[in-house]
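Shared between the two complexes below is subunit A, which has subunit B as its partner in the first and subunit C in the second.
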Partner chain A sequence: MRVLLKIFEKISPIFEEGGKLAAIKPLYEAIENFCFAPSAKARCAPFSRDPLDIKRYMTMVIIGLLPCVVASLYFFGLRVIPMIIVSYMTGGTVEVVFSIIRKEPIAEGFLVTGLIFPLILPPATPLWMVALGCAFGVFVGKEVFGGTGRNLFNPAIVGRCFLVLAYPAVMSSSWVKPGHGITGRLLEYVSSANIEAITSATPLVEAKHGLEDMSHMFMGLDISGCLGETSALMILCGGIFLLLTKVANWRTVVSILGSAVIFEAILHRVNPEQFAPGMWHLFAGGLMFGAFFMATDPVSSPSTNEGKWMYGILIGVIVILIRNFSGYVEGMMFAILLGNIAAPIIDEMVFSVRLRLLKNE
Partner chain B sequence: MNSFGYEIWLAMVTCFAAVFTQNILLTTFLGMCPFTSVSREVKTAAGLGGAVVFVMTCTTAINYWAYKLLIYLDLEFFRFILFIIIIAAFVQFVEMVIDRYSPKLYQSLGIFLPLITVNCAILGASLFMVIREYHFIQTIGYGFGAGLGWMLAILAMAGIRTRLNESRVPEGLRGPGITLIIAGLMALAFIGFTGVLS
Partner chain C sequence: MKFRGGYNIRFQGKPGGLLKDILLPEVLYLPLESGSFNFSALCATHGQDVGLGDVLAKDPDNHDIPLLSPTNGKVNLEAAPGHITLEDLSDDSSKSYTYHDELEHIHKKMGSAGLKRYKLLNLGAWEFVKEAYTGQIPNPLSTPQAVIVSTFRLEPFLIRGDVLLKEHLRQFTRGLEHLQSLLAYQPIYLAFPKIKSNFAAKIKEQIRGYAWVKLIEVPLKYPYDSFEIISRHIGLRHSTGSIWGVNVEGVLAIDMALTNSKPCLERAISVAGPGALMSVNLRLPTGYPLSKIKNEYGLQNSIAIDGGVLTGRLLTDDIKGVPTDCRGITFVPEQLGREFLGWLRPGFGRQSYSDCFLSSLCSHFPERLTNAVKGELRPCVSCGFCEDACPAGIMPHQLHKLIYQDDIDAVEKFRIDLCVECGLCSFVCPSKIELMQQFREMKQTILKEKEIAAAEAAKEAALESATEAE
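Let's look at the complex of A and B:
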């Protein structure tokens, strides 16, 4: 460790202003921060002693995502690892290039996007598509708006929407039959070569022929789907951790899941033949994953508490609308994107109502 | 009575579809010029949106009968010119009426009413009404829904742009550039509604 520290001390002047490699200072800083605590000290007020900075925040989310990563490794095999690496590499490149151009330190926000993005893709997505989608999401969804903390839309969702619309055929046929037994597919690398593995429809697709057993869907056993979304149990483990640490806001989660289940239950009551029960939809597809990990993104969701309720209900209702009535079987990503679009105006409305109430007092 | 009820139901479905599935701004990209230029503040966007809802509902209803007249005279090819004239005349007429009876509303609407005359979404709604062969009640539902969809889109955009003031968009993209990118992402989200009630 000490050797490493000495190396850093030795090379740091090169990256200071006037040095040879001053242009890529952000990259140096990021690596140094990754290895050690940052050596820079705050020089002037205000000083904040809160330990919860962006870095901690993002670390919490990554810890919350770990159960889903483990589950996806078990169900879909070793191919998950290269997908995550490719996503980190391409997205990270875009991030580094932008921070070099802007001459600022690299923000940690990307660590989460890079991990979430592969988790919401079908397991057999070609690696070049992972790269393309991640680069598009980070570039158009985040960097164009000014980088971490200033993005209006969830970058991972933007990237996935782009892939679904640009390559609909690949995205709707890249499902893999999940592994079972003690090791699952842990020792397997599923590629487009072994075709028999790659023709398994998700529960939402199969809903037209018959419903999957709900307890299976809760555990994620034998359920096909995107990498991270199949096991509700694992999502709950990570999600509840996020709720307890208050990284994710419970209002958003409760209002999304609640409104979706209630709306679907009403539809089911009206016509049980055509619509599945409410609880079934809760465990199907990306509803839970999206509600816990993506819609709760503090930047792209409303900042007021009342706004969070409205935002959640909006997303929940739209998911059920799209799933049952539109040409798409899964509506979570469209719903979250629509929620992101509506978030600023919802905040604006809440503010104006509050102002009016204050005036009346 | 029963068929009348069915007509009303059909009109409501058409209205809903016009707001979400066939949002005139985000799926056909009509009315982009006021959308990019007047979406800087929520208040003005709401004013313009309200005016569009009103004018669109009324002009599609009037144009419905005007088109019936053209069919009777065997002059369908004339519809573009006639629709434009009707829209312009109607907007002028409304402006005069509002100016006479409610100067306050006139002040708050300001430049928006005359602006609407050249809004292609208004003409587009009338033409869609002809192409899709709507009945009269359905036409009213469609006109109202298309206007409402346009209003929702510009309100969302105005909200986004007020928040955008705090972010550091690259210099070359400020203004219309970033607005068009956001509009593209909004359209991306609205594709999810494809097939709902159509």
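Let's look at the complex of A and C:
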């Protein structure tokens, strides 16, 4: 490793001010600091810092997503891999290009966006659409606002919304019947060529005909859906890991899931014919995935704990409203988007209450 | 206010409970500037012979707090810029300066209460008394609404409060009585850690006789020893009058001045930290040469800090002696190598505020702290760690955003003044934002602007009255 460090030290002057390749300094810096812990030292108090940095922070989310990736490989086959690669490459390129233009260091946010984005797409989405959606999401959802930390929306959701609105037909015909047995579809590559795998039915669509078995939905067996959202078990594994590391805030998750289930349960009580039971909705579609991995994105959710409760309840209620009373069968994406829009307003409200309390001190 | 936030960093290198006396060195360097004082009014001349307790300089902005000579010696003003250098030292106390004539004069003029305060100021005890909310030195002639006496100190690597207390329990209680005699009916709050030990029981026993002392039990969590946090906990408001904060060292100095009429010339400081050869508590005179301490106790390649690791200030080579208000010298090793794929490692040995390292599964942390920032500067991701850790109940991330926007009014509205500058927000921030540093600077700016505004208002008022007079 010492050799590698020496190499870095040797070539780093080229990227400094006035060097030949100064323009791509952000890229070089990112690679160097990826390999070796940055050498910066504390110049003012406190003279020592917590070992957690943003790389580690984002890595935790990726680890939390891994069970879902594994599940999607099992259910939907090898096609998952190129989808993830394409998403990372386009997202990364947009990020790097903008960092170079802005002369700012490359932020690690796209590491998470690049992985979440394919996981919320239908399994047979064409690769060019993955690329287009990811680029759009990162560009409009993040870079336009000034990069990571300043974005109003979750970039992955922006990308997915764009695809749904721009290519509704392709999106709704890209569902795949998940594999089963020991190997699942692990050895298959689903594409439009082996069309028999393609179906148009997700549980939420099929709900019109009759409800799926809930235990199947919990495990993800025989249930179609977006790559990452089918197996509630795997989402729980990764999601609880994320809560334990304190990277995702439990308040958001609990309030979304709780309010959605309770609201739906009330509806079910009122009219069991028309509305499904509360627990059923918990396992259907993207509710759980969204609650654990997308709504908890700290940047686009309110920054205060009280705000997170309100934000979660808002999302939970909107999901159920959209699912039951609108033309869309899946509401999580729009619910989070609306939540993102409301986040700054919620924050303002919480701030004003807090400041009033602080005034007396 | 309830106690909230706070965080105990558990690292190796804390000093124990023993205090070591240090022999007098050949020469002392008394810095004219320290963290809280600026002794700009010199009272001694070059080549003058001074005695134990003589006034060498005064701080005109801080009620003329004196810089006392810790020994007998010869003043040299030229040896080190920014310092008063004392040479030919001896601590023969027979030569020491006596206040007697002067004291009688003062007694006649100001009465016994005035005499006490005069003694406190001129015998070097007043510099230990701090305004709880602002950290400034209160006016020696004023009377506070309450006094908080803190018996503990929690910042990593500083000398613990009980080290001195154990040795001088009798003087401490006597000092409390003296302190009470300065007050009319105002209460003294004794902040005491919430622990069960024989020693704690003994102190509580001692205090029970004093009806005017109220015991406040405080959880042992940094920075609940801050006077501001304790006053807010008790419900003492800044707006209703000044609150004095005194720690054990201060009470002992008050006792020394009022019982023995002797100046307090020695400090008890910790010399500790992960970069120290050994961690000890030392009793030494102010101005003790820092180079000696560095050579004897510091490891190579470590930086020296005046104060604790979270709030201290860097001791550069320009500062040659132990400053007046020093509480401890902390050594932190410089980060030398760069870890390969450091962010990916499981991190069994890392202690982190978050639970992102496997060390959160075990309770023992062998990590040796260094001065590395351990990450790159990034925009705030609103992770909320700073708010969680903040003991003042304010929102550091929001303040950071407002400072970035240069919106001073909003910064004030979000109560930057409540920040106690504990450094926890900067410590925990994964984006490595220098939050506390920004807040310190912003508070200075606000203070300055207020001063300018006040001066202008005064000028206008003067003009108006002048025109009215015409």
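Please note the rule applied: the second predicted complex is superposed on the first by the 341 of 361 C-alpha atoms of A that agree within 3 Å, B and C clash if a C-alpha of one lies under 4 Å from a C-alpha of the other, contacts with A are read in each partner's own complex, and residues count from 1 in each chain.
Throughout what follows, a residue touches a chain if its C-beta (ideal position, glycine included) is under 8 Å from a C-beta of that chain, and two chains touch if they have at least 3 such contacts.
For clarity, every value in this text was computed on a predicted model and none was experimentally measured.
Q: Looking at the overlay, does A:Cys161 come into contact with subunit B only (first), subunit C only (second), both, or neither?
A: In the superposition, A:Cys161 contacts subunit B only.
Q: Output check: A:Leu358 vs subunit B and subunit C. Expected answer is one of first, second, both, neither. What do you get?
A: second
Q: Which partner chains sit in contact with A:Ser326 here, subunit B, subunit C, both or neither? Use first/second/both/neither.
A: first
Q: Check the residue A:Ile81 against both partner chains and state whether it touches subunit B (first), subunit C (second), both, or neither.
A: In the superposition, A:Ile81 touches no partner, neither subunit B nor subunit C.
Q: Return first, second, both or neither, reflecting whether A:Val144 touches subunit B, subunit C, both chains, or no partner chain.
A: Only subunit B is touched by A:Val144; subunit C is not.
Q: Could you look at A:Leu338 and tell me whether it touches subunit B, subunit C, both or neither (first, second, both, neither)?
A: In the superposition, A:Leu338 contacts subunit B only.
Q: In the overlay, answer first, second, both or neither for which of subunit B and subunit C A:Phe153 touches.
A: In the superposed model, A:Phe153 contacts subunit B only, not subunit C.
Q: Could you look at A:Val299 and tell me whether it touches subunit B, subunit C, both or neither (first, second, both, neither)?
A: Only subunit C; A:Val299 stays clear of subunit B.
Q: Going by the contact rule set out at the top, does A:Leu244 touch subunit B (first), subunit C (second), both, or neither?
A: second
Q: Subunit B or subunit C: which reaches more residues on subunit A?
A: Of subunit B and subunit C, C contacts more residues of subunit A.
Q: Residue by residue on subunit A, keep only those touching subunit B in one complex and subunit C in the other, then list them.
A: In subunit A, positions 147, 150 sit in both the subunit B and subunit C interfaces.
Q: Report the residues of subunit A in contact with subunit C in the complex, numbered from low to high.
A: 1, 4-5, 33-57, 59-60, 105, 107-109, 147-150, 244-247, 249, 298-299, 301, 303-305, 351, 354-355, 358, 361
Q: What residues on subunit C touch subunit A, complex-wise?
A: Where subunit C meets subunit A, its residues are 1, 232, 237, 303, 305, 307, 309-314, 330, 332, 334-335, 338-344, 347, 350-357, 367, 369-385, 387, 393-395, 397-398, 413-415, 418, 423, 426-432, 434, 436-437.
Q: Touching residues of subunit B toward subunit A in the complex: what are they?
A: Listed in rising order, the residues are 42, 155-156, 158-160, 162-164, 166-170, 173, 178, 181-182, 185-186, 188-197.
Q: If we count contacts the way the header does, which residues on subunit A are in touch with subunit B in the complex?
A: Residues in contact with subunit B: 140-141, 144-147, 150, 152-153, 158, 161-162, 165, 318, 321-322, 325-328, 331, 333-335, 337-338, 341-348.
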